[in-house]
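In this document, chain identifiers A, B, C, D and E correspond to the written order of the chains, with residue numbering beginning at 1 in each.
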């Protein structure tokens, strides 16, 4: 009886310690949705995968700006005036356009305010987009494939002999 | 030693009764005290919560005085913790028999003062909620703390010290817990049974126990010295005039013992009164503690003289500026501190009659602690106020938040102590009774006896 | 033991003979770095957030009185007292010789602020807010510091970063004078000069060899990256 | 106009204060509706050239714009005035744009004047209301019942306003500024026959002698001259220019001087003449220059007979040896340059004193030569007696003959009450203010038609001085207007159209931009066939036109009919027995004449000399303070014949013991949360001294009494620490 | 199996021990249970040599390693670019190493002590609360029986099992009880009767 109690007690303590360690390890907690539902069912698989459109075609600022940018509504519309204009999602797009309202996309990859991430330097370093963003071309809905934790950034920087000076990324 | 350390002719169970009197059911006055202390602690917590939820502007801190009462508290409490374990360890190693009734009070004080003191660096943080950045553990940031910082030395030292002194306290309490176990029932019995670990007092257990106690005492002394040296290094390794001084570590250690011993005396007086231990804590004890305190007061005065004298004589401009600012703006505090820490104890404790007067000892010991609190304040605040760049000199005045947290800390310590006294033997029962046992030697044909009792 | 490998060692020269104390640099710094606006109460409590201040000293008595100005910003010491005391590496030394401060890492021990003999580190005692629409002026190149965080002059590291990116994409080194921190850029009298001390032909390096040079609190052995050139009166001609 | 559209619609990066990495919700990612223009990359800043209008100096600026928001103002390196440099005030005007208390739409008063009770109205209503009042005046044939009060305007705006008033038929058009260089112009006209301001070649001079000219802070073109000063000190390999400053208060400029000569107020002219006499007597003058200007040394010496050294010593209160030494140094170091500034000009004998300084320059041959002074090409034809015009207007208003007052700027703050302006304005039944913040004047207005912030405005900015080539800086909107405001000239045009008839015909332009472009096109003098749009874009990119035809003025020449300068003894308001101290009101470094007060950056900027922030103060010599029992920060009462103010005292080692000084710029009754209630406006103390043409703002005497222990004084520097420079070894 | 006798005074306890030994129980089987420590040999004699101090030493050495790894190892493995400052700092490493050495040694002492004491035991052992009141317990652990060995001069005391050990355990127990009762035990408790 005593032995059983002892074992149970030890087990509880062990579990608690492990849980606390895990909790500590993942602090600060990241409870954001890795694959949020978007207002429009935009498929990267269709655009980038099946149709083979290059990332930089839409995210054109990635080459020259810290922000990669997303295509403006006008750009979406320009294509879809001719391409499958009758698909239900395209109609939704057109409705937004008519109301002159931007689509409230949900951000999947977001970095805190104190991090400086220049897309252009990473593109110039010949880093494939998939290195951080995963195989977008196979995703119907975008799923975040990286933890975006500092350790993750640091690993890659160390691997590629990029600068690990704090001020390279922190602002 | 002609004077008896123990009252004569009391049976073991009478001794047990008297020394474990604190474990009896609490009276209403105990509840009132606990409630009052709890209220003060709650107020301190409220003040801290207020600071946590608004911002640090509710403190008196500023540039250049970025450290204030919180750090004063930190140094003060860590200082207090010294006497406890260290004095107890020294006395244990030197086998001073009069130590026995004092030990528990001192060791328990250490644990609680370290616990209170250790909280202050965390309270003091600007962003308390990210305190875990200070803890070395594998994390997703790929970044570990900077061990160059004296604050991490502090953290490791205090961690070591709090573990060590808790173990030391526990170790000393082990046989007492067994006694308490045997005399209790209900939840107390369960608690003591668990804590006593099945101690039976077998001869072999006692033998190992004694060796372990000696070893622990030997180990804990260097830890205690290192802890306060490191606290001193927080200041001494900086480039702040008034802080950057090689005398600081020994000076801090001496100061720590000074305040610690005084605190032990204060606590002894209180315990003696509250738990009616007049028979066990006799003027002899106060006499001996008084002698100890006298020596330490002399040492402290010497260290302080050396510290000030070098500044004074060298007259290095910025150091001198800091000193003269302190002597000007804080003249009253400075004089009071010198009186309370040095003049009063040295004069008073020279006289046996005064040493044996409980009232005098109470006044002296309380004043020493007030003085030591002031001393920490005078080390930290004036130096920061008048640092190297005169254009941005400043002043500091603690606000209600800092004072409330300080009051909460004092109450918290008292509360923990009160609770501890209600739950655990406040006097080292077996240790005291051991004297009895060692004196009465059975002479039987098969034994060759070494009379350890007369080594006093 | 990794050694500093960067080809840059940023430094500054402050010519006190040119400095008129006008305060343009103070505002420039505040504008560039999202430095918080501090009200009267805050400053009266000694909680001014300026990263750069102009110290004014009175010397002598009327009528032979003289006012001396001393712009004091982070000295970016090579042996900085603020760095080793930070328990979490929020304050650290950068390969280019800058004293870095990583705001989101800072836990607010304020140890660095104490240990900085130049008192150039400022602490966010308040949770500063920018009433709308004033928040529009906040630069996206700099994070907005939260309460409980130590902050300080960075030599406008965002500008250095930008220049480095430009230089890298053009595959060249940063040219002398290409980077100017906001204070040096705006200084009407050109009293502040910024550049690469590691390049002996840069303007700062040349100026830093002037016989008028001195460094602030040099006896402390902090080896600041900022050289001052004496001035401000006949005795220093 | 594509750019404007996107500015309004899109943003990608939110520069918001984010608490931690710990956030529970995903953010949104808002796309642009329309892609941004060529050359604009989201996530990267873009620079737009414009011009600063925070003071008359008219520096060129570059505004860094990121995601449609103005972020930072820097100097325009192409602009000949400031060459990429900028002062504190110029950088702060981004806070004008984003000021939290801007008037976001037109307002109509619905409570008593000054109560700040307004109701929102539309622009149509607002302009309609104004037009109705004007139509009523037209109907009553009382077109002179309209008054327009503005700061000194230059360029198209000056032209537009005067055309508006002329066509309407009103002569009551006054442009007024407290710190106007009118007197310098008037003095120049008297000495040299034409009213152009001086251009000082400080950069090349070797001996600089300033008589109360605070060219580092506010005199004419502080950035330009500040920059030149740096050049003079250490910009040349072997020469370090020497600088002597004359003035009773050590100003920021004086603090940089090698020698400070605290002359009695009003004695500067006499001092200059004393030096001139010494130079003549010891034949240290440049005889060629004298001859070229048709002057004879002997005659001149005779004319200056009164200014012998002992008398000048007595007048100025300076040691005789020092005066002689400076005079000899000044005459023997070539090139040498003497300046006269507002501190001298705003005395009862101001103009003549300024002329005395002209004479000094002439004697050492510093007219029209490197390191000397030239006629300035910046704005040759400024007003010379705007103060007299203001007085006339006040009289008209007093008479109840002004029915509608259109006011740009804040005269209720910046006109000293001693002129009677406040009472006079109260008699005007309808006041229209164009302020973008509810300043003192706007609070008393019946109608507020808020102007754009400078960064939202079009315009041409012609620097008042500081250049030898004509310069036209251009202002362009760098961001979309934040609120429902309209630019002042647009309102004038709209009102004219509303009025119709003659007015509409005289002001035909649909928009101010059109008018501006027309004016610039005319200036550029393009041949037919050249595409103006391309030139226009080019001008906008560079921030203006900096290569205009050079001025017709060849140089200064002493007028043949110009009498030698003979400043009278200064005249002060207040009996010396009752009012023992001279009062100096000087423009503060941060606020100029008060325009900088609403911007928190400037409020927070420690005053360079006293390190005071957020407030005003009175400067008292330590000896005087000790005599009066006044300590640092004590609250004192300053009483002049004109009024009384309570101020904290600053014990200031750099001021004559018989003088006290109060900075201008604080004490606004309105102007938003940062300015309101900070400090006091010292103009309340200033008596009306001097003549109709020449106000003497610094000719008032005051007395000082200590009131209580502590005033509300906050200094960035530690008062005692500031005296301990030996600890930092500088 | 263990037999415990409770004595009110040390004299009778001492007599009991003497008689037990006379009967053939060896010193290794007999121990005293007391609430205060009696000098060794007053009641019983025990083995004075202990090994837990070596354990302390081992823990201390382990602590030194851990401290060094903590201070120097983490800095090495997770470097932060610090200009031309060394990654591993000399003094701090020493301090942290020292503190962890002491920490491990302190913890090791306690653990070693308990290990050597054999505490805590999962088995419930004979005990009497009277011991806390100053009574003295003499406990005899009964040999499983059946192999009596004479304690000759060449036999080490700890290998010696007395003659009584040849008896079956029950009998040994009752013999011991009798002896203790005869010596004046207040009561005796045998383990299987609990």
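Some notes on this structure:
Please note the rule applied: a contact is a pair of C-beta atoms (placed from the backbone, for glycine too) under 8 Å apart; a residue touches a chain by one contact, two chains touch by 3 or more.
None of these values were measured; they are calculated from a predicted model.
Shared contact partners of chain C and chain D, listed by label: A, B.
Shared contact partners of chain A and chain C comprise B, D, E. Note on interfaces A-E and A-B: more C-beta pairs are in contact across A-B. With chains reduced to the mean position of their C-alpha atoms, the one farthest from chain E is D. With centres taken as mean C-alpha coordinates, the chain found closest to the middle of all protein C-alpha atoms is C.
Farthest from chain B, judged by the mean position of CA atoms in each chain, is D. Centre-to-centre spacing of chain B and chain E amounts to 32 Å, using the average Cα coordinate of each chain.
One inter-chain figure worth recording: chain A and chain D are separated by 53 Å, centre to centre, where each centre is the mean of the chain's CA atoms.
Distance from the chain B centre to the chain D centre is 66 Å, each centre being the mean of its Cα atoms. Separation between the centroids of chain B and chain C, computed from CA atoms only, is 44 Å. Counting partners per residue, chain C has 48, 53, 55-57, 70, 83-84, 89, 92, 94-95, 104-105, 141, 143-144, 146, 217 as the residues that reach two or more other chains. Residues of chain A found to touch two or more other chains are 112-114, 163, 165-166.
Among the residues of chain E, those touching two or more other chains are numbered 79-81, 89.
Contact between chains, per the stated criterion, is found for A-B, A-C, A-D, A-E, B-C, B-D, B-E, C-D, C-E. Remark: chain B residues 130, 317-318, 321, 386, 388-394 touch chain D in the complex.
The part of chain D that touches chain A in the complex is made up of residues 9-10, 12-13, 15-18, 20-35, 41-44.
Within the complex formed with chain C, the residues of chain A that make contact are 112-114, 116, 118, 120-121, 124, 163, 165-168, 170-171.
Chain A makes touch with chain D in their complex at residues 28-33, 36, 61, 64-67, 69-75, 97, 100, 102-108, 110, 112-114. Chain C contributes residues 15-18, 20-24, 26-28, 30-32, 37-40, 43-44, 48, 50, 53-63, 65-70, 104, 129, 131-141, 143-144, 146, 182, 185-191, 214, 216-217, 228-234, 237 to its touches with chain D in the complex.
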